[in-house]
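The following pair of complexes shares a single chain, chain A, combined with chain B in the former and chain C in the latter.
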Partner chain A sequence: MAGPAHPEAMAPPTPGRTRTAPPQMPSTWWSAPRIRTYLLFDATGVIYFLVGFLAIKIVGQLADGPIAWQAQMKALENPLYIAFHVLALASVIFVAVRFFRLFPKAQPPSIGPAKPPPGPVIHAGLYVVWLGLTALISLALAGVIL
Partner chain B sequence: MSSNTSSGGQGGPPPAVDKTIIITRFDPDQDEAPRKQEYTVPCEDNWKVLDAVNFIKDEIDPTVSHRWSCRMAVCGSCGMMVNGEPKLTCKTSLKEYGDRVDIEPLANFPVVRDLVVELDGFMHKFESVKPWIKRAKEKAEDKAALHETKLTYTQSAEELADFKQFSMCINCMLCYAACPVVANEPEFLGPAAIALGHRYNLDTRDEGTEERLEIFRGEGTVFSCSYANECSEVCPKNVDPAAAVNQAKFGAVIDWAKGLVLPRAPHAAD
Partner chain C sequence: MKTLLLKLEPIIWFMFGQGIMIGTMLLTGWILVLGILMPLGIVDPTQLNYVRAQQLFTTSLLGIPIAQLLLAALVVLPLWKGAHHVRSLLIDMGGGERDGIVGTVLYLIASVGSVMGIAAVASI
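Right after this comes the complex of A and B.
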């Protein structure tokens, strides 16, 4: 998107006759539990960046041949790598649970004549799909299917 | 300092309790920056936060400036930060807080004086989403949709229910004070304005949806929202602006996709 569709909507406040103090933030803004949860949610972006970086590195090792691949697999057994992946899994679960909680109310009240299902149904459906996909992928990785 | 302390006899109201109320002060003619000032206030058991600020204004320091009007959570004037959280002070009981209560002007707004914030930018954003029913030029066939005797457009209870929640906003601006996106991007259109625009987009009598969605597709509008949900957490009227903003995202995407294959209709007149 090139820019605001209506730039006047973003115009700064008209200067008044008296000067104003700049917007104030409470000195303890970070201490509210909800804000801490949100900051934690935002911070998970760093974990996903690192996971992506690691995935690219592993693909690179694969391209470098079997010896490089085996060395990379051995390196992944390091407790630090395992701890990192546990942290990544916890981040994914945290973000997914938050997303599932907020997703139902973001649905439009209607799409044409169709009404979306009630919020709790959508909420439960997301968990069913999540668990189903996890089971499928687990079975595929274990060689039970595919 | 005079006080209207209750006696607190048996069966009577509990005695008043002294609390330290810390008010952010700013006089544009004298102060370089906002500063804190403490007041000891004998607080009645049933007081709201606004009662304490009014007591300070009436009995201790008449120079304290703040906005308030209805005292029943309707006018939206008395929004302030109370211990770091945006609150409608006429609806917030002092009992919820300890001995020290920190009252500051709403975050994310320039401060005019003490607890009074600048509203111009907010009002400008509100106006920009065209929060009124827009109709294309009256057409002959429109008359068929008019109620026979009242000459108004009819709307079913179900249609009203789709947007009624979003029309309950009292413009108290707590959602702007809570929004982390507004804090980082002051030009962000913001929760209340988007919720109001979305309210009209959902109104079956309105024909301005495409025009508003064009605004919503612009920079600094719905897609700047990171769905922190803070606006809905602090809303004193349960408007749930976060739901409106994210529904508006969906509407903006659908409208954008439709625009790729269908010609756009001319905008309704203001």
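Right after this comes the complex of A and C.
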């Protein structure tokens, strides 16, 4: 079990007027579903890091010419790459579902005179954009459009 | 280190926010087709041969290199989501004492990766 989180980890350099209880990870965190899900959400950061750098490598191979590109496409057929991408897909779907659910709750009540749309409208809008972009990118990569 | 991170916090949070929102939206189709369906042969990999990949990733709209801009966002933004969430995870797991140096290293990795990603996309 790791030690408790440092209470000043995210604090400003000078103390504010409001005192808050120092955050501490409970020792039973592994059996608490909400904390587990929260930590899993953070842990997807590792997958995003790896996916980002792999995408940079793939794009770099395209810039290096046809032989490098073909070799890269062949390398992606390795079962380890496929397994990693299945994990990565599960991660992005998990992040999307959780983040899109939280996003409407994080909106300010108003920005100047304008008020944000109702939460369900924002939630639905995010899904429409996400699924639309995913369909567009998938069809373009698969050669169905463009 | 810690003071510098706090000064840069608006930029870090902006990149993290875009990474979690736009990065996730762009990555889903990329991972699905390029990482799973094509390697498994469910989608014909020749649809993304070198010539077509070059054409697709350099598509412009009204003179704007829209495909390269999207590709740059796809490779850069997830790095910032990754850096910030890994930092947050390490703080929660008891790494608060080392947060200044760990956070700096993680954002440096994301910064270097961003430059590498933009250079790779620009060189297509």
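One rule holds for everything that comes next: the second predicted complex is superposed on the first by the 115 of 146 C-alpha atoms of A that agree within 3 Å, B and C clash if a C-alpha of one lies under 4 Å from a C-alpha of the other, contacts with A are read in each partner's own complex, and residues count from 1 in each chain.
In the analysis below, a residue touches a chain if its C-beta (ideal position, glycine included) is under 8 Å from a C-beta of that chain, and two chains touch if they have at least 3 such contacts.
None of these values were measured; they are calculated from a predicted model.
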Could you look at A:L102 and tell me whether it touches chain B, chain C, both or neither (first, second, both, neither)? first
Chain B versus chain C, judged by how many residues of chain A each one touches: C
Where does A:L62 make contact in the superposed view: on chain B (first), on chain C (second), on both, or on neither? second
Classify the contacts of A:R34 with the two partner chains as first (chain B alone), second (chain C alone), both, or neither. first
Identify the partner contact of A:M25: answer first if only chain B is touched, second if only chain C is, both if each is, neither if none is. both
Using the superposition on chain A described above, determine whether A:S110 touches chain B (first), chain C (second), both, or neither. first
For A:Y48, is the partner it touches chain B (first), chain C (second), both, or none of the two (neither)? second
For chain A, what residues appear in both contact lists, the one with chain B and the one with chain C? 2-6, 8-10, 12-13, 25, 42
Counting only contacts in the complex, chain A reaches chain C at residues 2-10, 12-13, 25, 39, 41-53, 55-56, 58-60, 62-63, 65-66, 69-70, 73, 76-78, 81-82, 84-86, 88-89, 92-93, 95-96, 99, 103, 129-130, 133-138, 140-143, 146
Write out the stretch or stretches of chain A touching chain B in their complex. 1-6, 8-14, 16, 18-29, 31-32, 34-35, 38, 42, 102, 105-110
Complex interface listing, chain C residues touching chain A: 2-3, 6, 19-21, 23-40, 43-45, 47-54, 56-57, 59, 71, 74-79, 81-89, 91-97, 99, 109, 113, 116-117, 120-121, 123-124
Which chain B residues qualify as touching chain A in the complex? 24, 26, 28-29, 31, 33-34, 81, 84-85, 102, 104-105, 107-113, 118, 120-121, 124-125, 128-129, 162-163, 180, 183, 186-187, 189, 202, 214-215, 217-221, 223, 226-230, 233, 240, 242-243, 246-247, 249-251
